[in-house]
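To start, the structure under review is shown below, and the notes come after it.
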């Protein structure tokens, strides 16, 4: 099809042209004397994005899924108890992984559309007087439902319960897009990936761990090798890596970090809020609802519920085949029930208006009872008065 | 500003990612034995785009402006009479160039917003019984006003008058986007550039000349060297160039031609018509008018007239600084009176809807009395029912 | 420093310009309906490079190190006995990993410079009448010493002993460069990475497993999640991946496979042999010796032993800082004793002559008793008479 | 053929990877308010490379050939007398162009292999008491024969004769590689192109003119339009261009200027001298001779004379087809008699040693009586003792 594909899946996200060009580099010896001049500042600047001064950041040649495993196997021993709320495909998958890796997983079901219930968490932690729960697995932004949980609130609940569990946060689709404060919130393991807010291809698990988590590596009995944190630490301290890194990814990350830090993280968060809010205005103007319940709306992805009798997959198929727009599908329990509009990464007002207009066409084509231009009009009014 | 720039000037146009990657090539010896395997098919495929089988195509390392000069100095002698209708900045510049190059230029003023008046042309040619007019300079698509003239009609007028003048056509912003038929219309010199419908950076004058024009080179007394057609012909016949070509441009042209021919020229024209027509629906919905008078509407660029009391430059400035949209300015006589939306090259429905939405915001911000979403709604209805 | 860096480390290797350009692509939805059109043929063509028709190929977003772990944890259970010969840094690391992952590792020390002793292997397997050894870990090409072992011979030894152990082969620096025949040699797990013969950046573990190995997944008790083969199989059968892939790597792999298959694998092997043999002629002309003992010489990397009293690190430092040549260092037991010249991947005769000339300069600068031009002369004579 | 092409033609030269990546940019509005932030510093930094503070620099979307024409037609009138020494293909072509453009050209033949004879020039200028000669056309570096003339000496000869002619210098293959001093030498028009020392693709004529030359534009009667200096001046003063520029070329030029100025022009000259001198040592070791007579040797290209009975074209063909090395051919009077090795642009010691080794192979293959390794040995000794 002529013209560019319009990519609004919630990851992998659009890669800025500058980042793609920065990745277009010849191969390079990763053991050269000058390699650390590239690598060390990456780790330092990553810490700024994670907002940690006391923790360590890591770049694994892997993905966010590996990030989940890194947190679990480096700090825990088989049979250790971990607690996770399950309210979407990605919290589901993390819980499933934890079981496969031999942990005793307390999975608490929540409606898909809600996030972590802070009171419930506090109560459960208070009940755990023996501190058998060794880690809380918290999904900051559930990409499948467009739900953001309150991680600062999670920390408060833990503190209120005086509970010493490690706090691991899946920030794959939040970090670098939505407010995240590792040190302030006492996050022990922050897990992200390169292909969302970092505006890179998939292929790097970007993670950070607290000193407490690092210390836990010494006693953790879970077996690991490729994903071992201590191997990384040992090499990283001199500016090297334990095995061959992707040179293009490192240069891409350099440029992406430059862009994020030049814009300013608070501005990045504010931009994502505005882009999301405009999208939400459009969805409301169409008379449709978010999957996310009030208070849980995500600023990186909106999952839109289709009315009974409609199949969200038809909207997605029309958008793709007729208009060259890529939208996210509903996964697992919400398959067919929602379609998802990503508003994360290298986006601005006009990008989102293109998405909204395109979705309008696909909705109209599929017999949705909406007025042409209504969503765009609502978003336009919001964007132009808040720019 | 975050997110990509949205480029809707009528040139240089958006370059497809595939073309940019095709241009990312190492340097290469342009005198190697395999160079002709690249170069010769380019000339052949260019002829397909110009729709000529009997003419010759050329790739000059220059721009469309050079193309104008190539036509004039290779075929004419100082003092030769040429006729041109002036109805926009680019026909103005071509006329001015012809004067500077020593020709006797009959410049016929027409309102900016109209194109070549066929009856007037026929009458003038009939009056020229001595055939003193040696060439007609016809601006196929006047980029400044968004006006397309009827070149087939020009040929008919010339034939009706039995006039032997050479017919030179400025197709910089039409060829590869708007129906163009060199052989059928008896065009003697077709002039284009790389940076519009060919979806490349500026830097190549893409031109084609009829056998009649080529023959005229032998008697033309105008001095030329760098822009000499015969030098090109002599080298091109073996697949080489008389001076060093831009290797990236040649590979980019290869890819651009592949894209155009794979889509099919008729489909390319139809796509440009649809994109333009949707834009025109939006403009009408806003209650604004085109600079182009009915029958002259261009499918590559729409020049929109702002009402008295408004300055089009304000719309453009707002669009750029607040929304990262690049629009075309009014030039010369229409400066401040029009802004221009390019819908040429690597574009599709959603691209245009982004543009239209962005322009709506800029219009509203500048106090235009339009309804938010109205233009987008009109375009949406058109696009989705004609896709 | 002016001019390009000359990269002769044995990985990451030089990336052909065509591959880099192929990787310069916009982001793309990895769940789109057309994604399988890209992905499925990659798996099929990978099988051609591994030379397997009955096995399965896999692309993990990880590295060769992960490949080692994939083989072990997907097919074995903690406590299982595995046998490995240790004769270089990479066989050392694989053995160490196997221990960390909970296996009972029989590590047999061999001189660094030799490879797998086939008679010894056969004898040990015959001794293991109870078939307690569940897997043989064979390092096809020990990158640290420039030693290639005879994997066909390993299979023969196993067959002679009638031993049913799984055969896992580290082919990170051999596959796609040195003759490798998965099916013919009965290899159960073939492990490679993207950054050597595949001429890509690091970031993909390219592996293939036999049906026997796949079947072993069902009983293997080792815990794994990110590196699980069955998760890949389940997604791959429909042309998708279980988690987000690196889109640029997939397009790069497409181009790299195209290049390898167009050249022809036998020609690729022959080219690597020639490049290596010319390098060896040069080394001999300098009066220096390979680390590899006769019969074990690698066609992808030559580790050159420096005489007593010299430190190979000085040669490497001079080459890098004075001549912008990157050579491989000696690792672990051979640190300071060898430097390594990689002749793997996107290389040809003139590339190697540049390397040889550069090394000559560094040797002369460091007081080695060699004659300027001697190594180059020997290589020239070899290359030009065998081209 | 596997592995990269080794490009040693004296232009187009190798483009540094950083420059190619800098050129990989999306399209951009060349009339945007921020465009001058890119464009103006380019003109300023170009002046540094030309070493002029009082002149004006220009970037034409054309080639070096156009640069010759720009100098002639902007400053002279038809019939004006110009003087040029002809001693190679490029001085030949410039002389021929001047004739075609209507000037009275005094062509003084010199042996191909020599440069401008300063005494002869002074004598001729002294004879021209009426100052009928309006311009001297001086080829600084004759690329066809590898001959560099003394432009400072030309100025001295002119001054000694008290002659007011304009001094135009073809520095296409010297500027940015060989010492050039526009202001100090009183050069009125300095002509270069992007594809040699500037390490870019062809496609930009990079030129600079003195105030005296600019003043001459006002009286020059030669017709010009596309190549008009005053049109450029008028637009450039605000940071714009009179017609659409190639955006990638401008970004590429930005990066190339950054590289040149970071290395330092004196260092760039010294590097080219060393690379050339090493090449000359090799040529001497082979017992072959330069086309350039002593004192005229070029630091950007060496034209090597083959002995009677040999055809240089065979050497070039072997180098290309058997070893993937691109060498320059002999042109016109020296066709078949010389082959040319370019040592200009993005080159370093090891690059040149690859070239020398490759040429050795091609010479040996063609039965030249040389000793394998002899040229490389001579160059190695030179390079390593002067690095």
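Order of writing sets the labels: A, B, C and D. Residues in every chain begin at 1.
As a working rule, contacts are C-beta pairs under 8 Å (C-beta built on N, C-alpha and C of every residue); 3 or more make two chains touch, one makes a residue touch a chain.
Just so it is clear, the model here is predicted, and its values are computed rather than measured.
Student: Looking at CA centres, what chain is most distant from chain A?
Tutor: D
Student: Count the touching C-beta pairs: is A-C or B-C ahead?
Tutor: A-C
Student: When the C-alpha atoms of chain C and chain D are each averaged to a single point, how far apart are the two points in Å?
Tutor: 46
Student: So what's the Cα centroid distance for chain A and chain C, whole Å?
Tutor: Roughly 34 Å separates the two chain centres.
Student: Indicate the whole-number Å distance between the mean C-alpha point of chain B and the mean C-alpha point of chain C.
Tutor: So the centre of chain B lies 54 Å away from the centre of chain C.
Student: Among the residues of chain A, which are close enough to touch at least two other chains?
Tutor: Correct list: 4, 14, 17, 20-21, 24-26.
Student: Enumerate the contact residues on chain A facing chain B in the complex.
Tutor: Residue list for chain A touching chain B: 1-4, 6, 14, 16-17, 24, 259, 263, 268, 271, 322-325, 346-351, 353-358, 360-361, 364-365, 371-374, 376-381, 383-384, 387.
Student: State the interface residues of chain A toward chain D in the complex, per the touch definition above.
Tutor: 17, 20-22, 24-26
Student: Using the touch definition up top, name the residues of chain D that touch chain B in the complex.
Tutor: Residue positions touching the partner: 4-5, 7, 9, 11-15, 20-21, 23-33, 61-66, 68-69, 78, 97, 100-102, 193, 195, 201-203, 222-228, 242-249, 317, 320-321, 326, 329.
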